[in-house]
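Naming follows writing order (A, B, C, D and E), and every chain is counted from residue 1.
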Amino acid sequence: MISLIPLIPLLPFAGFVVNSTLGKRLPKSVSGGLASLVMVVSFLISAYLVWQLSQLAPDERLLTNTIYRWIASGELRLDVTFLIDPLSAVMLLVITGIGSLIHIYSTAYMHDEVDGEFARYFSYLNLFAAFMLVLVLGSSFPVLFVGWEGVGLCSYLLIGFWFKKKSAADAGKKAFVVNRIGDYAFLLGMFALFAMFGTLEVRGVAEKVAAMPPEAGFGLLSLATLLLFIGATGKSAQIPLYVWLPDAMEGPTPVSALIHAATMVTAGVYMIGRNAVLFSHTPDTMTIVAVIGAATALMAGTIGLVQNDIKRVLAYSTVSQLGYMFLAMGVGAFGAGIFHLYTHAFFKACLFLGSGAVIHALHGEQDIRNMGGLRKELPITYWTFLIGSIAIAGVPPLAGFFSKDEILFETLAHSHTVLWVIGIITSFLTATYMFRLVFLTFHGERRHDAPAPADAHGHAAGHGHDAHGHGAHGGHLHDAPPAMALALIVLAIGSVAAGWVGIPHAIGGSNGLHAWLEPSFTVAGAATAGEAAEPGLAGESEAATEGLERTLMVFSSVVGLLGIAVAFGIWIKRRDIAAAWARSLAPIHTLLLNKYYVDELYDATVVTPVQAVSREGLWRGVDVGIIDGAVNGVATIVDAGSMVLRRLQTGSVRAYAGSLFIGVVLMLGYYLWR
Amino acid sequence: MPESLLFYVLSGLAVGASALVIGQRNPMYSVLLLIVSFAALAGLYITLDAPFVAVAQMIIYAGAIMVLFLFVVMLLNAPQEDAAEWDRTHPLRRPGFARIGIVLAVLLVAELGWALAKVVSLGSPVGGRGDGAAISSVREMGRVLFTQYSFAFEATSVLILVAMVGAVVLARREGDV
Amino acid sequence: MIPLSHYLVVSAILFAIGSAGVFLRKNLITILLSVEIMLNAVNLSFVAFGRFNGTVDGQIITFFVMTVAAAEAAVGLALVIALFRGRESLNPDAFTSLKW
Amino acid sequence: MFSPDLDAIVPMLCVTLAALASMGAEAFRGKQERLPIGGLGIVGLAGAAVSSVLLWNRSTSGFGVIQADNFGLFVTLTLVAVGVLTILFSAPVLERNSIPAGEYYALVLFSIVGMMMMATASDLLVIFVALEILSLSVYVLTAIRRDNQAGIEGAFKYFLLGAFSSAFFLYGIAFTYGVTGSTKLSAVGAYLSAQALSSNPMILIAMGFLLVGFAFKISAVPFHMWTPDAYEGAPAVVTGFMSTGVKAAAFAAFARVFLSAFEPFKADWAPVIAVIAALTMILGTVVGVAQTNLKRMLAYSSIAHGGYLLVGLVAANDVGKAAILFYLLAYSVTNLAAFGGIALLGARDRANDELRDYAGLWHSHPALAALMTVCLLSLGGLPPTAGFIGKWYIFSAAVSAGYYWLAILGMLTSVVSVFFYLRVVVMMYMSERGTADVPPRVAGLGMAALALSIIAIVYLGVLPTQVLNVAAASISTIF
Amino acid sequence: MLLTLSWTLPLAGAILLAFIGNADGRRNAMIRWAALAVSLVAFAATLVIWARFDNASAEFQFVERVPWIPAFGIDYYLGVDGISLLLVVLTGFLTPIALLSSWEGVDKKVKEFSIFILALEAAMIGVFVSLDLFLFYVFWDAMLIPMYFLIGIWGYDQRIYAAVKFMLYTMAGSVLMLVAILGLAWMHSEATGSYSFDLLKLYTLQIAPDTQRWFFLAFALAFAIKVPLFPFHTWLPDAHVQAPTAGSIILAGVLLKMGTYGLVRFAFPLFPVAANEFAPWIALLAVIGIVYGALVAMVQPDMKKLVAYSSVSHLGFVVLGICAMNVQGVQGAVYQMLAHGISTGGLFLIVGMLSDRRHTRLISEFGGLRNVMPRLTAAFLIITLASVGMPALNGFVGEFLTMLGGYLWNPRFVVVAGLGVILSAVYMLSMFQKVYLGEVTNPKNEKLQDLQPREWATVLPLCAMAIVMGVLPSIFLAPMEPSVKKVVQRVQAVRTVVAQATVPAVRAVPAAQAVAAVPAASHQVAEPR
């Protein structure tokens, strides 16, 4: 029987092929419609397959389909095999589901682009979906890597979609290059795994590693996992490779929502989840993952607090939330991490699309200092945005609450107290900056009129919103058009309800997601090893744990609400406090505003020196100077030797005779004196 | 011993005359001195039981060839060496250069002498092995020349022909074809 | 009797004088004469060796040498004349248009 | 045919008769009459070729001093090729420069006689006489353009140094005769092999002096100084002739003397020749780099080629001996063709032999440029040409004799030499002609000769087996 | 006959073209078509070889053997195995593209141009199919001549310098190889009594380790220059930059592979002991080259130079894979050769199109070309990504396998080599951005034409191949695997022995003893005198 699995990525790919080749000649409705249609169909197939999967016994939940042998060399046998297990099922639904919504949203958002560009946009978007699906479906590291790099490519293309704008092109390149650094580590990690296990199948590696005890100390295995994790830090924007993500906001907003919030950036988290068995055998790496995750969460949260670009705030928020996920992965709470990934996809996509609606309405304005009071004019946007914000702030019973809470609980439960404290602080910060955003954008007074059409033309040229000047007079703004509204509303609903699949036992839930995912994090038949790897709460009683969990839930809810309250206090009640604090804490404020100067640091320590050394040292110095100098030097020496030796040929016959005579005397001398 | 005295006198004459040949600025004197040298050599040939060679030496060398030289010297009418106007141009052409020639010549003599000194058999008298009368016979010489050396003899005719043609070709004035 | 080596030494000295003459003199004709001295020196060796070996070959070879010397002289002098016509000089150092 | 004595010298006789005939033809021709005198030469050479082929494998000996063995015959045939090509290239040159054809051809043929004699002689005295025959002819040929002072100057330098070096050579013969009592190579060899190894300094001196004589003729460093001047001064076609014929003859005699008679003293001469070979290769190529006159450049190149040939001599094994023969043939054809090309380009008042005269030749003389390029590539030792096979053969010999350093040095210098060959190619193909005066159209006969040489070069480069086998067979008979 | 046909076809074409009179350029069009037809037929011939190739066999196939110079055991001996097969096909594939690429760019002396390209193709195919070392060397050197003319006549302003440098540099390396070849043949005659240049016979020759070292170095130097390996690479930027487009395509596409091919086919298997000793050093140079080439490429103002230095970097991966001498490494290396041929050929092709249009190759002269020539941009992007090593395109498979092989051998090299992966993205994307993205800043660029039909015909096959090779690499990997395994086994056999022998004192034990440990090698070890 022909499997349906390959169709999931192939459909979007087909959309890409059609749109990229014929796109110019298709009307927008056809190209956009086609792109959305393939995504929806893909979603439906995914849903069908996931339903099939759920019909199986929990231990047998595995659908695979080997398509062909990709690379065979020596003992290396790489098949293109697609695999659906509970983990990839979740990812599939998120990608195709949210992906469909964002495609639909985009048909409206990008409507102002000319036909060719419009089709190009959708072809990239479809290609992205295809690669993302390959990433989650791939059963081996290299196939995963195909998707991994493929989404990076699409990210590059989409960030730089408005290629005429230098900043966009720069951002795209930066994203690609920074990701490449991670990929470099990822490749090395793969090699290390192959060297150790002789296979690059994820399950093959897991089976072999499951038979081993967890690695004590930092050995080869830890190194391999650490390398994989570095790859993940690139893709998922963690310290130290997070720098590309904020810049990536140069891309169209739906792209930010899809790629840089909901799906691609979570690939790192997914990858660790996919290799849960492997990672749980390397406690040292796990600690590093957790620490990096927590640190990223905190750092991004602090930066998010002061940023003024609506998308940048969301970007740092994404980085921060990704930090949460890694924290979860690092402490061994894989289920919690994936849970957060899943809920985050909803509310962050919702927030990004909401911000897109705002920007759309304001014809490209992104600075929140120029917004305010949009609540009344953009009600749909406002309400969905608000729901998303509450969700991310972790207020029960919205989606974010459950997932974030589980992470914090697991962190504490695995006795990472410091990380837990950081998590709590970040949670507080999250609530604060999100509501700062909400309040500054939607509440208060309008601080800026929508720009006049002529102005819009110049200002937003790069964004392609220039043709949108029809309703821009007199400050009357258009709320999201139907396609956008649909996406917003569906996502808002998701932000509310998505968490309900994982209500913990502690408060009477079933934590269905956790149970669903569990088989993906263990190896069938080697469950004991997997179990042993989790230094959990084996010794404590179930009741005590649940008690702790309940306490923490209350605590974190309170923290979230507190954060909202603080935001309300500062940005609604006493606007002057913010300014005063910014003044009194000027150094810190500047530091945060400039994102800890990390970009500048990288520039000064890596980019500039490498450029300078390459140009002056290697190229002009070593290459042209020394090496080519030596080569040409040989020629010069021969030439000089020639000029010298030819001078011996004086033209004087007596000198010639002398040469002859000297030859004779020397030769006889040699014979007689030797 | 008169024989050795003769040898030394003749040798001294030959060497001295030759040295003077190359010590002369005037080519005319050089040619004449060379004739002296050749005559002394002819004398040495006689001491070596080679009277026919000695005669040929006088007739061919001193007579024919040297006369040819004299003709040319007189034809060109350039008795004196040119002033050393080129001498200033290149260090290798300075008089020091001539000194190098002398040094090399001395070295060559030294080398040859040393080599000869190392060969014991050469110390034996020159007439040690053969019969002097046998080799001084012109008949014997003629026999060998026209049997063993017949080819070389014929080849020499080609050589002379070449020299003749060559001299004609070279000496002919421009224009006469 | 005079040892063979004496003759050979005389021959060597004459040969060396001849070869030195090529360097010392700045007159083409004298240089040609120097070459003649060298050939004669060799002749002396031939005759001496011939006497020593007791064969007539040495003497016969001298005839050939003389012939060669004559032929060389003819060609050489013709060249000298041709040279002199062009440059009105017999100084070998005058003829350095071909060099390097 | 005739008596064995005469059989052996039939090739020489044919050429001698042709030479005499051309002299006679010149003498009896009318003032403005044009006679195909060159044709007489070709007939004579053809006779020599035919008789050589008939003598093949018979190892005839003549008068006790001429050995018409395969080795000598191979060189004879090479010389025939040299002669034929020279005559073909000469025809247009003689007419252009109003050189007396009769004397010219006679001298060329006489010198070929001398060369053949040298190649087949087995007696030091005959070698000496032959050497003088060919030398005197070549001196005169060098100066054959009496309106050209450079030619006379070159000829005189060549002559004076030649006389100087023949004196040394003769002295060497004297010592050989003194020690061994004979000038016949067989007798010398027999005596020497009976001698204890190199106890007698006289033998070493004899060997050294003989070496000087040969080294001079093949222009080995430091006895090479005459070469550039004489080659530059002589008319191009004569240069081609003497750079190949003289070298071939001298090498044949060199090999015969040193590889047969003086074989027992190989341990003594091999290192000296090795050093000379190395110096020759280095100097020839290095100085060639700076030359701007094509003839002079090729003069240095032919010095370097002499060095490669010496490598074969040093190797002194069967491969080496055969390699010398093959290389001589390949080199002769190639070098002669190159000089022929230069000669063809010359005008009456202008030699057109400066490098810059070749600028843009591709556009004005495409065929000539292409043929010259093949010559130059062959000289540089690039496949698929005769030069490559020759080099490969020579260095193969060096390697199998253990002279890796010589092989490597030879290879490296050949790379340097490629540099200056390429300069000509660069000029012809990649530079635009600056001045307006384009070289004249070249004569058809010359082009035919050039094309013939090129065919030979490519044939030897692609299908060398036949000739290699013959060369290999040639050496088996005597050494 | 197929192999003979594959190289004589273009040669015959070249010779025939020589007889077409075209002094006034009137027959240019006809000559172009004729040359293209010849090259297409030759390509077809190579495809037939591929089609009839037996993938399962490690032996040489289509073997042809005719005595050539019997006295020296030189044969006209041809054959292909999995390693050379695809290189032959690559040559056949790139030549028509090269001809097409210069359809309009070359307008002077079209006949000669076509002749040289076809002659070059003949020589290159000859190099890949020769199994006789002498024959190989003949082709190896003969190849220089047409390339020299191509650069020197139809190149850019510094063409003469570049052409001469190319020729001399390459020759300087290869003459030492010739000496080593002669030495090998002589050793064969010492051991068996007859000369032989037969590669397969020479494989069986037992060579003393000391000799192996010298010979290996001689071979390796020749190949290192051709590759080119750091620090022997400086001829490459000059030659690449100055060569006409067609020359650059062939130079980058095929010529450089002759060096790496030589390493796999000759240097390593002929001298396994020395190869194992020197492999780390060569790999070190390769790795330096990877990073160095990338860094220098990053700062080039000239597009062609940038691509040239990128070749230095990419070829480093190939050499690294070869040095690893395991199946993955070598297979990856061969694959990378093919991939690099396609992608760098494509880069030069497109850069050539730009330079034909604008007569400059300076990056700063361009900008925003995507606005005026979107199709060309798309093609360039695909090729760029292929070059960068994007998975699912051709570059990835080779890089992945070579690095994997390298890692299995010695991870340290791969750690450094991997930086090339990052840097390649930096320089390629920088160039892409500067040339294609942004607004059109230079008014001269406003009216540039997008791809013409003829150009489509050159770009499309390359892009298609880039994708096919990335998605279906097994098509290409399958034929080469048996042959690669054979080579690897040969070299590895010695490596394990060396490893065992050197366990007690890692560096102190000379490899001589190691060889002595091989039973078969203990006798008849030929020493050069």
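Everything that follows uses one rule, which is that a contact is a pair of C-beta atoms (placed from the backbone, for glycine too) under 8 Å apart; a residue touches a chain by one contact, two chains touch by 3 or more.
Small disclaimer: the values here were computed from a predicted structure and weren't measured.
The set of chains in contact with chain A as well as chain B comprises C, D. Ranking every chain by how far its Cα centroid lies from the centroid of chain D, the top place goes to A.
By the count of C-beta pairs in contact, the leading chain pair is B-C.
Comparing mean CA positions across the assembly, the chain most remote from chain C is A. Separation between the centroids of chain C and chain E, computed from CA atoms only, is 63 Å.
The distance from the centre of chain A to the centre of chain C, each centre being the mean of the chain's C-alpha atoms, comes to 97 Å.
Chain D and chain E have Cα centroids separated by 41 Å. Rounded to whole angstrom units, the spacing between the C-alpha centres of chain A and chain D is 78. Residue positions 646, 649-655, 657-658, 661-662, 664, 668, 672 of chain A each touch two or more of the other chains. Across the assembly, chain B contributes residues 93, 97, 100-101, 104, 108, 111-112, 114-116, 119, 122, 148-149, 152, 156, 159, 162-163, 166, 170 that each touch 2 or more other chains.
Shared contact sites, meaning residues of chain E that touch two or more other chains, are absent. Taken as a contact graph, with one node per protein chain and an edge wherever two chains touch, the assembly fits none of the named shapes, being neither a line, a ring, a star nor a complete graph. Contact annotation for chain pairs lists A-B, A-C, A-D, A-E, B-C, B-D, C-D, D-E, with touch applied as defined.
Within the complex, the chain D residues that touch chain E are 366, 377, 382-384, 388, 392, 395-396, 399-402, 404, 407-408, 411-412, 414-416, 418-419, 422, 425-426, 429-431, 464-465, 468-469, 472.
Across the interface of their complex, chain D is touched by residues 23, 67-72, 134, 137-139, 141-142, 144-145, 148-149, 152-153, 159-160, 163-164, 167-168, 171-172, 175-176, 178-179, 182-183, 185-186, 189, 528-529 of chain E. If you check the complex, the residues on chain B that touch chain C are 3-4, 7, 11, 14-15, 18-19, 21-25, 27, 30-31, 34, 37-38, 41, 44-45, 47-50, 52-53, 56-57, 60-61, 64-65, 68-69, 72-73, 75-76, 78, 81-82, 84, 86-87, 93, 97-98, 100-102, 104-106, 108-109, 112-113, 116-117, 119, 122-132, 134-135, 137, 140-141, 144-145, 148-149, 152, 156, 159-160, 162-164, 166-167, 170-171.
Chain C makes touch with chain A in their complex at residues 19, 22-23, 92-93, 95-100. Residues 646-647, 649-654, 657-658, 661 of chain A touch chain C in their complex.
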